[in-house]
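Two complexes, one shared chain (chain A), two partners (chain B, chain C).
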Partner chain A sequence: MPLRHTAASFNASGSPDLVLALLADARLPVGGHTQSAGVEPAMAQGLTSAEVPAFVAGRLRTVVAVEAGTAVVARHHVLAGADLRPVRLAWAARTPSGPLRTASENLGRGYLRLAGRLWPHPVWATFERTPPRPLVLGAIAAIAGLDAARLVRLCGHEDVATVSAAVLKLDPLDPLVTTGWVLAAHPLVEELVTRCASLTDPGEIPATSAPLVEQLSVQHSHAKQRLFHA
Partner chain B sequence: MSAGTTRVALRRDGSLDLSVGAFSPKVLHRGPQTARVALVGTRALLLAGDHVDVHVEVEDGCALELVEVAATVAYNGRGGPAARWDVHLGLGAGALLVWEAQPLVVADGADVDRDLHADLDGGALLALRETIVLGRTGESGGRLRARTTAEMDGVPLLVEDLDLRETSLRSSPAVLGSSRQLETVAVLGRRVEHPDALQLEGPGTLVRSLVPGGTSACWAAVRADLLTAPRGTDTLPPT
Partner chain C sequence: MPETTRPHDADHHRGTRALRLGIAGPVGTGKSSVIALLCRELRDTYRLGVITNDIYTDEDARFLRSEGVLAPERIRAVETGACPHTAIRDDVTANLLAVEDLEHDFDPLDVVLVESGGDNLTATFSPALVDAQIFVLDVAGGGDVARKGGPGIGRADLLVVNKTDLAPYVGVDVERMRADALAAREGRPVIALSRTDRASVDALTAWLGGVVAAFRSGAHSPVDPGPMAPHFHADGTVHSHA
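Moving on to the complex of A and B:
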């Protein structure tokens, strides 16, 4: 399916900070509540709440860099009117787990539906039905006027916030503790900005892998009892 | 030090080009378009600043199996430059390469940069088993960064950057946790069914294990299957 579009117009209106707040809001109707960012399968294998910050840190330096890098390069491609297919292929080659690709595509469908309504633009017609989430986030950033650094912050925050919210459903814990994890991860999210915000080429997208996250995602997809998809 | 490039190339006409580098290729079996070649280390590997360079080429329709005789230990570099280990694999249309690499043991103080790139033409099949061991007995292991890229007909199939250089990242429960060993069976060019497999979006499968020997049964099945599958030309006898 061609992802190329022409005559892109970008009518960024409003405040990028408010767009970021809107997209980072857990109440955004995109199906984020179905995801645990890998923490449910990890806890099923014995990860304790005390180890979650190290889990989060490992994700931010590996798989989240793939996600954020893909989003940034997708944003650049949409702004340049370039074909998004190479970005999609680069993401897929860096996401060896089928269940993690499916989870991203399920979320991507939700974001695509939202984006088409909130930010009408010809680019959406060029998307396949279930694009990976970072492709849609990158395109939203391009159209809604979110710069690359804010886009990376969104990806990083989203991941930590997803883990933290999921842990509350898996282990009775003070929500102030889990919110503290989100705040404590800020330096790592800013490291991610340094690493990813200036990328433009699909070949430059980080490919850092997290073998345990990938392996557990496959086992989780066979699990009979689970609260979250992935 | 650089010992030059180790080269194993099986040509379409069945001829075999071999060059000695850090490894000396020894022919174990020859058929009209098939070969089994052992890679035998020519010197102590792997020291600080070493550059090991291995090029393997299997042209259209040919089948090659590489075997290694001994594990490689990357020794304490005592602050010296990282050792580099570059592997380039080129497979023509319908070619088959089966390679069971012996474990790479990264001792305390070692620093290794491993880069593997595979270029596959349509219908090519690559089966590779790799084992990474961080540290010898009683050690926690040195630094290793293992990058793998594979393309099929120029399209990226697998791009992976396994960064195990920093202990804090490596021991994250997202990365390796408390494990010090990672085995990977990679089959590229087609999928292999396995309950715990990572099925790539393109034709390819990774089967991994964090426990020693965890991929042995899978590897034995994959290897036997690929070596005995009917091919246009002769097949390699399984040993």
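Moving on to the complex of A and C:
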């Protein structure tokens, strides 16, 4: 898997804000619309719409910290020309649910398809067939010139926005309400930036799984009726 | 390299992967039963796989498995997050990965059938996902539907008018509907199909045989039915929504 390349091979040009906007767009063709970020299984077990902001806050402090931390460390490793395998293992150790690992790997394949076409680079040839999403996101950030703080914001925003969009398919609700949730989560996303943006070592990635989220994801994978993959 | 699939590149896929055939059309017109029919008729001719997109996940996959027309593991369901139209057109990622996995796990396959979750008359497959597509209507949906047109009716590789055996009960003139469809399609093929009408079933399998042969020879090019066709308004203006 490791292909060494020099930091000089990264000569991203253009605006990191526009790259962030592109990657954060829900219309990005990477299969994101098939995911609910855990909210469908949670609502199936009784979570109400009113409780979703608390659910979002819980995710940002746990599973999203794993995601963002992994992405930041992956970015650092790609920039340094270092082997990504330890990063992947650290992510897997912090993601005990098989269905959640599969969901991340499916999304990772989607992002890999996109990245190989949009940002051609030798690093993609070093990736396995089903890399988890944060590994690919970290590499995209390295290649496209997204700094670590913006990368964490992307992970945080993406999770909140995914939950909010999915709730609209599951419960009758005004879309302005769910968009308000995304805005209200901004301070928590900035907390995540403080927590994760400077990480460089796989051992530093937050080991904060959320047992209920993990357990519900396993139940969901056996559900007979579901709109979302996970 | 990552698995960047390039369906447009004939040299890339010639002889190396299955023909990907999409089945689209409104809810209840018989997409699943057309797939079951194709599997039953062709499972000894071609190595087949099926991907279904259901609103509520695996209803169609379970129907097909229960029909016993194909080994259950060759039929897979993909969730679409309540967006069946998106999953076949705007963001085909989930379906494309499922097709690639099926081709990978059962290599070699000859044809992978991708069933769209039932949507409306405007939903058609992106050429990034399928090489050819069938649009399915049925007589019970009304004799005037074919005349109304739309990208699937107008420009899918094949239009199937299904359940012709029901025509006497719903007061639809099949020949008239077929003629309307042919007119809307400017001569592209139309098959008036019934499971109980052997000649129509033979016409369907013969059509698919022709597409497979063209695909294998590299002569087949995916055609995108595209967005809504240019159309007239009462004030005499003509425009398209492209």
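One rule holds in what follows: the second predicted complex is superposed on the first by the 222 of 230 C-alpha atoms of A that agree within 3 Å, B and C clash if a C-alpha of one lies under 4 Å from a C-alpha of the other, contacts with A are read in each partner's own complex, and residues count from 1 in each chain.
One rule holds in what follows: contacts are C-beta pairs under 8 Å (C-beta built on N, C-alpha and C of every residue); 3 or more make two chains touch, one makes a residue touch a chain.
Just so it is clear, the structure is predicted and the values come from calculations on it, not from any experiment.
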Determine, for the superposed arrangement built on chain A, whether chain B and chain C clash or fit.
-> fit
Look at A:59 in the shared chain and tell me whether it touches chain B only, chain C only, both, or neither; answer first, second, both or neither.
-> first
Have a look at where A:126 lands relative to chain B and chain C in the superposition and call it first, second, both or neither.
-> neither
Please work out whether A:94 is in contact with chain B alone, chain C alone, both, or neither, and reply first, second, both or neither.
-> first
Taking the CA centre of chain A as vertex, the centres of chain B and chain C subtend an angle, in steps of 10 degrees, of 120
Report for A:70: first if it touches chain B alone, second if chain C alone, otherwise both or neither.
-> neither
Please work out whether A:212 is in contact with chain B alone, chain C alone, both, or neither, and reply first, second, both or neither.
-> first
Of the partners chain B and chain C, which touch A:27 in the superposed model: first, second, both, neither?
-> second
Partner chain in contact with A:229 - chain B first, chain C second, else both or neither | second
Determine the nearest approach in Å between the Cα atoms of chain B and those of chain C after overlaying the two structures.
-> 20
Residues on chain C engaged by chain A in the complex (per definition of touch) | 1-5, 55-58, 78-83, 86-87, 90-94, 96-97
Interface residues, chain A side, partner chain B - complex = 38, 42, 47, 51, 54-59, 61-63, 89-90, 92-98, 101, 206-215, 218-219, 222
Once bound in the complex, which stretches of chain A touch chain C?
-> 27-36, 106, 109-110, 112-113, 115-117, 124-125, 127, 129, 166, 169, 223-229
Which chain B residues qualify as touching chain A in the complex?
-> 147, 149, 155-163, 168-169, 171-177, 182, 195-202, 206, 208, 210
